[in-house]
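Quick notes on the structure that follows.
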C-alpha cells in the first residue's frame, strides 16, 4: 500500500525539479502514515481526525510559519515558545484585570510580539551576534515577563473572546473546524505568497544561501534579517492569541519547549537549518506529521509515559529515515 | 577617488591611492596579487569603509554605506570571487533585487524569459530555471557578468571576471564592454591577462603593495614596462617554455571507458610518468568532470582505472590519495580552502589527512614546508598564521596549490591552477610544473588559457560536449589556432 | 485487539472504557499515581486508554479531544493547570461523556462540565506544614529563620503549598522566610540551592521544601556543611514518598505532610458510578495524613511507593 | 587569548556582585578535610555542565549540534544506579553506563554522517526517545543508591579537592591534548569550516563526525554519573533537563560559532563557568524565583553585547567626543582642507 503510493510518487517525480522532491516525499509519507493509522485503528481514517490535527495545531502552525522565515535566512528563533506564553499571559491579564476588550488586547499583543522580534532582529543584525544567543536571551526575557505578571494561570472569561473561541465552523457531513484553523490557513497562504512572489521573500532565500553574496549583490540583507525576526515575533504573538482561544487561559508555563516543536516541524518539512532551501508547504507537512504522531499515540492509548516518548522517537526516526532514503534515491 | 587609505588588522591594504575613472573609457586596475585592487573596489562600493580619503561621483562627494547604496548610485559591480547565491536559480541570480513585477508580485515568467535572452546575448543557452549550483564556475562567472551589465549603470566594475573564461566568452564579454563604453559608461576592469588588458583598456592605474604607482595610457606603456612597474623590478624574460611531443613508456594512470552518466561520456586516457597532459575544451565541456572522476570526487558509473598497471578503485578522494593522486580543484571557495583556518593549516591539511589525526605533522616540518612555498609562490602577506579568508584572491589560489604540491604526488591534477594569479607568480608556477614533471611526476593540466596548456603539455586531450574527442601530441603543428579548430570541429577534421 | 475498545456507546453495558489523560511522568510521585490508576483499572475490569501529556496543557486537551473522538465512556484527567478547560469540557459534555477530575481542580465557573473532583488539596497541605511549625515554635521568643525550596515556578502545587504555608505562618511576625528559591522539585536542584542558602545565610532554623526530593537533596547539602539535618535545621516536606519516609524515620526530616498518589481505586469506583448515572459527591478528598518521626517508623514497612 | 577578555570581564563582574552581597563569598576554608566555599561550589556544580559543554564544543565545531545530551545524562545516571542497586558493583555499573552512552553517541553520529540527517533532527530523536529510555530504566521512579564509592564521583573528595573538579580537569586535559597536540582539532575545524573541501582534501569526515558525537555522549555520560552520584540517586525524569541549552549557550559565549569551524575549549569552560556563577549568584543574592529568568536574560544579553566588536565600536564612538559615525566623512575635512 505505502510502497505503491511512494512508487507512484517516484514515477511522477521524474519530471519534478529536484528541489521539490523532499517536500513530495514528505507528503507521500504523511499520507502513508495516515493510511497505516486508518488500517490499525478503528475510527482513525475519518475526515475529522485530520481536521482535529489542524484544530489542535493551528497555533503551532502559525509559529512554525514565522520560524520558517527565520530558518530560511540561516537564523534561528528560540524565543517563540516564550513569546507565545507571554501573549497568552498579557491577553488574559488585561482581559481579566482591567477588563480590556479583546479588539484592543489582541492588536496590542500582536504589536508587543512584533516589537520583541524587531528588537532581537535589530540586535542580531546591528551587532553581528549569533541569533541563537540573542533569541535565547529573548526566550528568558519573555518567560521572565510572564512570571512577573503572575505565576498562576489566569482564566479568560471575556464573553466575546470565549464565544469566538468556542465557535465551530461546520463544514459538510458533520465535519467542523475552529476559526483558528481559518486564521492559520490564511497565515500560511499569505506567507507562501510573500516567500514566493515578493522581493522580501526572495531576499530571504538569497540571504540564507549566502549572506555575504547577498550583501555584495546589493540586497537589503540587514533589513531582511530584522524583518524575519519581526515576522517571527508577530507569528508567535498570533500563535499565542490562537493558543488563548484554544486554552482560554494565560499561563507562564504554556508552550514550554514549543520552539523545539516549531524548529522540528520546519526541519522535518525539508528546510535546511543552514538556510536558503525549503518550502512553506514543507513546514505545514512538518506540523501535520508531528500532530499525526500525537494522534496515533492517543489512539494507541496503552503506552506508558516512557514508552510514549520512545514511541515518538521511533516514529520520528522511521519517518526521517524513509524521507531521507526516498529523497536520496530520487536524486541519484 | 583620492587619498584612499585602508588598514586591516596587521595589514596596510591601501595607502593614499588615487583613481580617476572617466565616462566612456575602459580603465584597467593593475597590480600583483595582494596589491590592493579588490580592496580598492570594495572601498569604492562601500563594502569596507575607508580609513581616509574621499570618493567623488560626478562631482559630488559620496560615501556609500554598502553595495546597495552604491548600486542605487549607478555603480554596478562584479566582485572577484563569484558572489552569487548558489541555491537560487540562474534567472533569479540575475534579477534578484530588481525582479520584473506585475501588480506587485514577481513575474516569474517574464523574469525567466528576460534572463534567457540576456544570456543568449552572451552566447549562452542554458536552462535559467535550474539552480546556479548545477553549473560550472565559468558559467557562474558569466551569470555574474550578465547580472552586472543588465543594470542601468553609470559605472561598471569588473574584478577579474575573465579568470576562468575561455577565449570565446572573453570575446563575447569584450564585445559587450565596447558597446557599453560607447554608451558612455565608465568601466573599471581587473585582470591578470596582459593580452586582455591591451586589447580592451584605454588607461590603467597601477598599484603596488597598496600604494599608487601611477596612471598611464595603455598604448603608451609597453608590456615589459607594465610588468616591471607592477612588481617593482625587471622581470627576467619569460622563459619560452613549450611542451613538446615526447614518448613516455611508463604508464601511470590508465582510464578505460571511464564515464559518468550525465557528466562525461566514457573516455580512455593514459597518463605516463613524467608526462604533462593538457585538457582543452570550451566552457562546460567536461574537463573538470574528468578530473573529478580520476580523483574519485565523483563516482564513475562505468569503466575502470589502473594505477601503475594494477586496477584501482578510486571511489573516494582518500582512495585516490592513497594511490598518490592529488587534485587541485578549480573552485577554491567551494571545493578548496577552509577560510577560517590559517595559511599554515590550509597548506598542511591534505598532508595531515594522509597521516590521520593521531600523527600530527611535526611543527618544524610544517614551518619548513610552509615557509618554502610561501617564498616560492610569493604568498603575501608572508605570514603563515594569517587567516586564509583575509588573503587576496590570487594568494588564496597559491595556498591551495601549495597544499597539493607538498604532497609530492605521482599524479597531480591541476584544474585551472593559475586562476587569478599574477604574471610573475604564474611563470613561477609553470616553471614548478615543468620541474616536477621532469622529476617524474605526471600532471593533468586544465586551463581555460589554451596558450598555457600548449606551453606546458606534452600531449593535449580535446573535449567537446562532455566527450573526449581527440588526443593530440604537442608537436610543432599544434598551435592555439589548430587547437581551436579541433575543438570547433569536434575532432572530426 | 489493536482496534481499541472504544466502541462502547456510553451505556452501562458490560465493559467500561476510560480515557485517562495524565500530566506526564515528571516525578516519582506522578509515576506512582499513574501506576495506581493503571492497576486499579485492571482490577476493576475497566479498559484504560492512557496518554501522557508531557506536562503540556495543549497535549492534554488534544488527548481529551481524541477520547471524545474515540467515544470512550468516561474521561478522567489530572489538569496541568486550573484554567482553560471550558472549551474541551463543553465538547465532552455535548458528546455526553462524563468527566472526572483527579489530583487538581479546574477553575471553571460551570460546574456541570465535570461530575466530580477527586484529589488532594495543595493549599491545605501548605497549611498543615505551617500549623506544625507554629506548634513547634509556639514557646520560642526569637525570630525563626525559614528557608523555602519551592517547586517548579508557576506550577499549581508550588503556588498552593507556598500560599497555604504563608497563610498560617504569616500570622506571627517571628516567622521569617529569609530565602525562597525554586528547586524544580528535584534532588539535584534542591541540593544546589541549599548549598547556596547555607553560604549566604549562616543562621537557618527551618527548611520547608515543597516535596520530599528537594528536601532529600537539601539534607545532603546540610550534612556537607557540617550541620545535622533535623536538629540544627528542622525540615518539613510534603509528599511522603518512600525515601522521604525513610529519612523521616532516620530523624533527618522532622515532619512530612502526605500527598497520596494512590487515587486509582477511588477513581475507578467513581467512574463506575458516573457511568451508571448514579449520583456522586462533587468533591472527593483523598485520605491523607501527616507523619512525625515516630509515626514514620511504624508506617514505613507498609509503604508501597 | 584576547578573545576571552570580555567573557572574563563578565565573569569577574558577576563574582564582584556576589562579593557585594555576601562579603565572605571568596573565602575558601577547610571543613572536615576538604575545601569548602562558594567558589568551590561553583566549580563543583559547574563540573557536569563544563563536561557536557566540552563535548558540545567539538560537535558544534563540526557544524553540528547535539540536543540529546540531556537525555544521555539521565540514561547514564539511571543505568549506573540501577546496576548498583541490583548488585553493588560500582565499577561495572560505571563501565556499563558509559559504554551505553558511547553507543548512543555512535548512533547519533551514524544518523548525521551515515544517513545524512540534519543534526538537530537526528539528535532530537534521541532527545525524546532517550528521556523515555531513562524513565524505562528507572521505571519512572527515583533510584536511590547507598554506595560510598559511587558517591565519590560527584560528591567525593580527593586530596581535599572535589573529585568532580579533578575529573573535569582530566577530561579537559585529554580533550586539549587530542585536539591541539594531536591533529584532531584542525581536522574537526576543517570539516566544520568547509565539509566539501575537507572531503576533497582526503579527510575522513564521516569518521570524525561520528567520533565527535560519541565523545559528546561520553562527556554527557560522565556528567550524568556526576549528577546522580552527587545526590546518590538517579532521576530519569529530571536529570539533565534543558542542559543542552545551557551547554550550547556556554559554547557560544565561549566564542565558538554555531556555523562550525574554529572552536575554543578555554572559551567554553569560561562560558560554562559564567552560567554556573550566574545560577549560584541568583540563589545566594536572593533573587525571587519569578524574576530569575529576567536576570538571566539581562546577563546573557550583556554578555553577548559586550562581546560584539560592533557594539563596543558603536558605544565607544558615541561616548567619544563628538566624532562622526562615518570615518570617511571625518577624513574628508582633512583632505580638502
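Order as written gives the chain letters A, B, C and D; numbering starts at 1 within each chain.
Please note the rule applied: a residue touches a chain if its C-beta (ideal position, glycine included) is under 8 Å from a C-beta of that chain, and two chains touch if they have at least 3 such contacts.
Just so you know, these numbers come straight off a predicted model, no measurement behind them.
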{"item": "Chain whose mean Cα position lies farthest from chain B", "value": "C"}
{"item": "Geometric centre distance via CA averages, chain B-chain A, whole Å", "value": "44"}
{"item": "Distance between the centres, which are taken as Cα means, of chain D and chain C, whole angstrom", "value": "33"}
{"item": "Centre-to-centre distance between chain C and chain B (centres being mean Cα positions), rounded to whole Å", "value": "71"}
{"item": "Of all residues in chain C, the ones touching two or more other chains", "value": "25, 31, 34, 153"}
{"item": "Chain B, residues touching no fewer than two other chains", "value": "none"}
{"item": "Contacts with two or more other chains, residues of chain A listed in rising order", "value": "147, 151, 304-306, 308-309"}
{"item": "Which pairs of chains touch, using the document's own definition", "value": "A-B, A-C, A-D, B-D, C-D"}
{"item": "Contacting residues of chain B [partner chain D, same complex]", "value": "2-3, 49-55, 61, 63, 65, 295, 297, 316-318, 321, 327, 329, 334-341, 345, 349-350, 352-361, 403"}
{"item": "Contact footprint of chain B on chain A as seen in their complex", "value": "17, 19, 193, 196-199, 202-203, 205-206, 208-210, 212-220, 276-277"}
{"item": "Sites on chain D touched by chain A in the complex", "value": "67, 115-122, 124-126, 128-136, 140, 236, 245, 248-249, 252-253, 257-259, 289-297, 300-301, 303-305, 307-311, 314"}
{"item": "Chain D-facing residues of chain A, complex", "value": "123, 126-130, 132-134, 136-141, 143-145, 147-148, 151, 260, 263-264, 267-268, 272-274, 304-314, 316-317, 320-321, 324, 328"}
{"item": "Chain D - residues contacting chain B, complex", "value": "178, 181-184, 186-187, 189-190, 193-194, 196-204, 208, 261-262, 326-329, 331-332, 334-336"}
